[in-house]
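Shared between the two complexes below is subunit A, which pairs with subunit B and subunit C, respectively.
This part shows the complex of A and B:
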């Protein structure tokens, strides 16, 4: 008599279809193993937004009664396995709802498992993953974060590799045979995908994490008002208008004190203040009012507000003046302008190393043109990856590629 | 007594002469829960930047309500109120009338306050059409209605609206194996309809966030002219259109350059094209619509036949309409002449 509770932490919209395939796959595998299961999304995350972290859950139980007992909760408070399908979420999760920053391993039970897709080493990830007051296991599947949009799915086998790994982590609930059978029978399954799941089962690497390991920083949080402190008629205080940066020059807007976007982005802009032509385009085109006006007329990107869309890089007329770089290359949210002002030569070196690394500047944020995912996956296959099948959610749609 | 000080005058907002002259202050700031690359959030920022601090903003249900003001937090600096899905028109009119009455009675200091109601395409072009239409006939009240059109009910995860383009993939129109295009209706011509149908509305314009300064100047013009006015904004939506959020700006430019969405203003009944659209009218070649469509996942199922149909419909807007891309009427003699040529 027992139950297995899993959460999938993912990037809203970009990985929505991926997460629902994983949780559905868990339930279908559970049925093949003679158990009961349910998959559902977190109510507070809906409607989802591109990039903003979201969660789906899957619960597997030996009996229907036990399943119902677990379903009676609004959402699980503890999970046996946390599945994280984008390693930049190791910095924490700021959901759509009003929570502040939550460590990725917050809901993981003592001695539970954090299963991640990542090309980073455990040591590198532990610089970001917050310390936990209990030991747990970190399991890694070597893979890039799989991002796609709502309509065109990226068939890179991530969903089945997670399922295969899960059979290794929780064999009492999901056997490899059950997982293989469920994959084969599902509308998006194939023999090739079963092979991928089996490979993941064999190759998954797990490491015990001690209580002393991890990022010691205290996550961003705030005091939520009690219901009796709320104002009549659901009124909300407005944000005050901002102030000049210093000595009456420049401008820094006030910002929503409760919703910070530190972890809603997977990339951030790195700015070359020396080549900036002060054209104002990044400032005016940013949907999130990220760019603070500096006294010298350049613009500093406020990391608390940036959700990493990259429109600033797209509109900037100067080459390499604004470059989007993956979050894994950064350990803090410090002001780039202050760093530049303090030591311009050192900043230039810092900037050079950040934007030179192809691994962290390559972008994969969804659909750009028809056939793009197939091309990308073919390139990966040529360098030794697994073969993939083209298609969209629910079918192998040959007619969709003209 | 208070009557003496009350006037129905609007704020006089001169156009920004270039990007360097734009107001530095933000009245819609950071900390909203919109998607990466959300052009509608950009429109909110530009709209209220153009309008200035003495402005009241009213939002009907949609992304720009739900994502901007949830869980007791807000990015708004100016006063803001939520109104129901279909009621942006009545909220705008009611607020303008309320301010007028309070000022006339001397209960409020007499001054010109901008009233802007915004609505999405679902809230505005589908549900709220009747309220907006009624408001545009009340010529004694100063209010602007801004329709931010992301071409679907984007907030609730992309259902079909009357503004969704032909053939697009939505949760209500998934392309299937038997029927490729579930959605076969052509999009409403909102701005043209508003301009043609409301002879006492003095200003109607179309805008796009990719042309930020021009967009802000249209808002300033609408607020300065006064009476009920209407602006239609086309907002690329990375979530519903399925493209890399980095391309939001480019997607807006392509919509204009392909001629799919024209930029124009109708002031006191006179149509004036502006920006890239003006260049198209003056003879610059339109880009083929496929350049725009094939960059979006929602059209990934399109065949050559669909692309051809789409292009032909856009060509018709430019070549057959009496006022190109604005009003779809044709004069009888012109169409006869066209027949004779054939």
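This part shows the complex of A and C:
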């Protein structure tokens, strides 16, 4: 191996600066041993949207020629390490440049590594991560999805913990000393951050994943049309009008065959059909026409169209009728209404567990009050979190101290 | 006949002979074509056509939406949208007015809008000038616009009808700009045959936008944002439409001859005394007049000179022009435009013809001339000079790599 290729899969806007710091950190660390490198983003992801999965890449190589060899394509087709900094992305990636659902480990080479920050166990994550046709390693750093990079960078140390873990995964390219030195020299570095990188180096847990392990679901895909199959004039046919749900009752809209949102969301609405007052507000307010009108007049949220914005929860006049719950709590996209119709008591129990757990109902990708993220990180110090350190790069970074 | 039906019918079912300018001839054709929506914003020399259309409407001969925009940008946007809902549209401008509309000119071909425009060719500022240069219309030469140059009021009338027939053909659906030399054609009145409404209706079918029609019964989205996964396919679609235009143009001229009993056999360019010519000069637009007179004078002295006047620049008649030119001993391209810093510092047409000849076995020496910029008169002396230089090249068998500027004070 004379080149190391890494991808960072992240959520647009929230983790944009985080991903950029990681890829820059990889190149600058490798440079300590005289290697060449490049850090770049997938340009198709560039007009980022809040929470939309996006990718950055870092390639380091022994020589400039080897680097070019690996750069002579739009983006890497295979990577030695896939880095994922939000475990809700374990369900896969649908970037802004919609092309179906890409499993999170799709580009990972056989025996390569999927490095994730997560508070879940490997077993729990493997319910979401798709099966791969080759064995690979799953490395975990205990941490929640970083929310460091929205508008003002919150120094939550995620970038240095990833770099510390990489020193363990690819020591031929990034020694812990080189990583520590690169962190120290960067405009956002500090001794505390070097310590965090070393802690991650020690704490990282790696497990071999066999070909038989993982989510067996076939990811959503579609064939891109040929130029002569597309309607001319940059014209997109409208989605046809929908049909009644059953027995001439209810209404289910037709949906876009290409534009799905399975992995865009970080949370999804859970609905209590027993308390629904059929006011229509969720149906009217949803910007993505997610709600199907059921024969009984209640509303079921179609997961293929939901991007998890939470407007339905906000407009619902009944307490706990619509509750946004973190994607980690779900392993499939099945209809909640059908589950409720089949067994109302069982559904009540299921609903109760989903909305009772504060860990999954607290917004992970949006905050209700100033300082919530700081509080959350403090609460998780035991499991590897760190306190946010003061300092905004370029403004008062010089004052940040241990 | 199109969406808004003209109520006042053409008085005569007979052809009539009128003394009209090129711009007025366009307005006559638009009236017979039952234009639906026209937008206007004044700039010389294009404004002559907007005035002529206004007169047709105020005189009750044409019923159409006449919208005065607040600038060329809106002028072109408005008709673009009107065309997507099925209206037959017309627009136009000149010089920097055309340049101001550039953003809208760029989006018109990919949206497959069969807009017909008159570009009254005008020098680009600075210096502010009214005279003809072809650089304005040539702005859009790479973007999917069909471009043609006309020479007489008669051709203005005929080409307007042909342009609608070609642009509105479902196989094409591309905009077409008809270029008319400022002053020489837009402001000069000549005897012109204006055909009957009956003939025009036989030649020009109703505009049918089909599956691209923006209408509640055909719900579509037009012009969304797209990334690299889609753009090259859209460009390839336009490439195919432009390629199909070759056939559609040939068909349109053949039908035109059948219905109107006139019109050229060769739609692409006019050949004047080229059969036995040693030297062929090439130009576009009204430059043909001094050239034809000069050629007749030179022929009287035994010099076998001929002229190719290019009508269609996009799509470019590559094979036909190669066949017509490769039989000469030398060719001289007289450009009423410039392309600073281009190969051999030539005009645009000269370099197009050089490129067209590259794969030909027989490549006569090609000389490039810049002439008549800003409306400067192209004199008989200029024509003689160009022909003489071509004769020298024919004798030596070598092209002079220099571009010659004709009629410049030096």
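The rule is simple: the second predicted complex is superposed on the first by the 362 of 402 C-alpha atoms of A that agree within 3 Å, B and C clash if a C-alpha of one lies under 4 Å from a C-alpha of the other, contacts with A are read in each partner's own complex, and residues count from 1 in each chain.
The rule is simple: a residue touches a chain if its C-beta (ideal position, glycine included) is under 8 Å from a C-beta of that chain, and two chains touch if they have at least 3 such contacts.
This is a predicted model, so every value here is computed, not measured.
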item: Clash-or-fit label for the pair subunit B, subunit C on subunit A; value: clash
item: Between subunit B and subunit C, more extensive residue contact with subunit A; value: B
item: Touched partner set for A:226, first subunit B, second subunit C, both or neither; value: second
item: Which superposed partner A:302 touches (first subunit B, second subunit C, both, neither); value: first
item: Contacts of A:236 with subunit B and subunit C, given as first, second, both or neither; value: both
item: Shared subunit A contacts, counted only where both subunit B and subunit C touch the same residue; value: 47, 96-97, 225, 230, 236, 238
item: In the complex, subunit B residues that touch subunit A; value: 19-20, 22, 24-39, 41-42, 45-46, 53, 66-67, 69-80, 155-158, 169, 175, 177, 180, 209, 212-213, 238-240, 242-250, 294-298, 300-304
item: List of subunit C residues in touch with subunit A within their complex; value: 110-113, 173, 211-212, 219-230, 232-234, 236-237, 240-241
item: Subunit C-touching residues of subunit A, taken from the complex the two chains share; value: 43-44, 47, 74, 96-97, 99, 224-228, 230-238
item: Touching residues (chain side subunit A, partner subunit B) in the complex; value: 12-13, 46-52, 96-98, 149-152, 225, 230, 236, 238-242, 251, 253-261, 264-265, 279-281, 284-290, 293, 302, 304-305, 307-311, 313-315, 324, 363, 365-370, 392, 395, 397, 399-400, 402
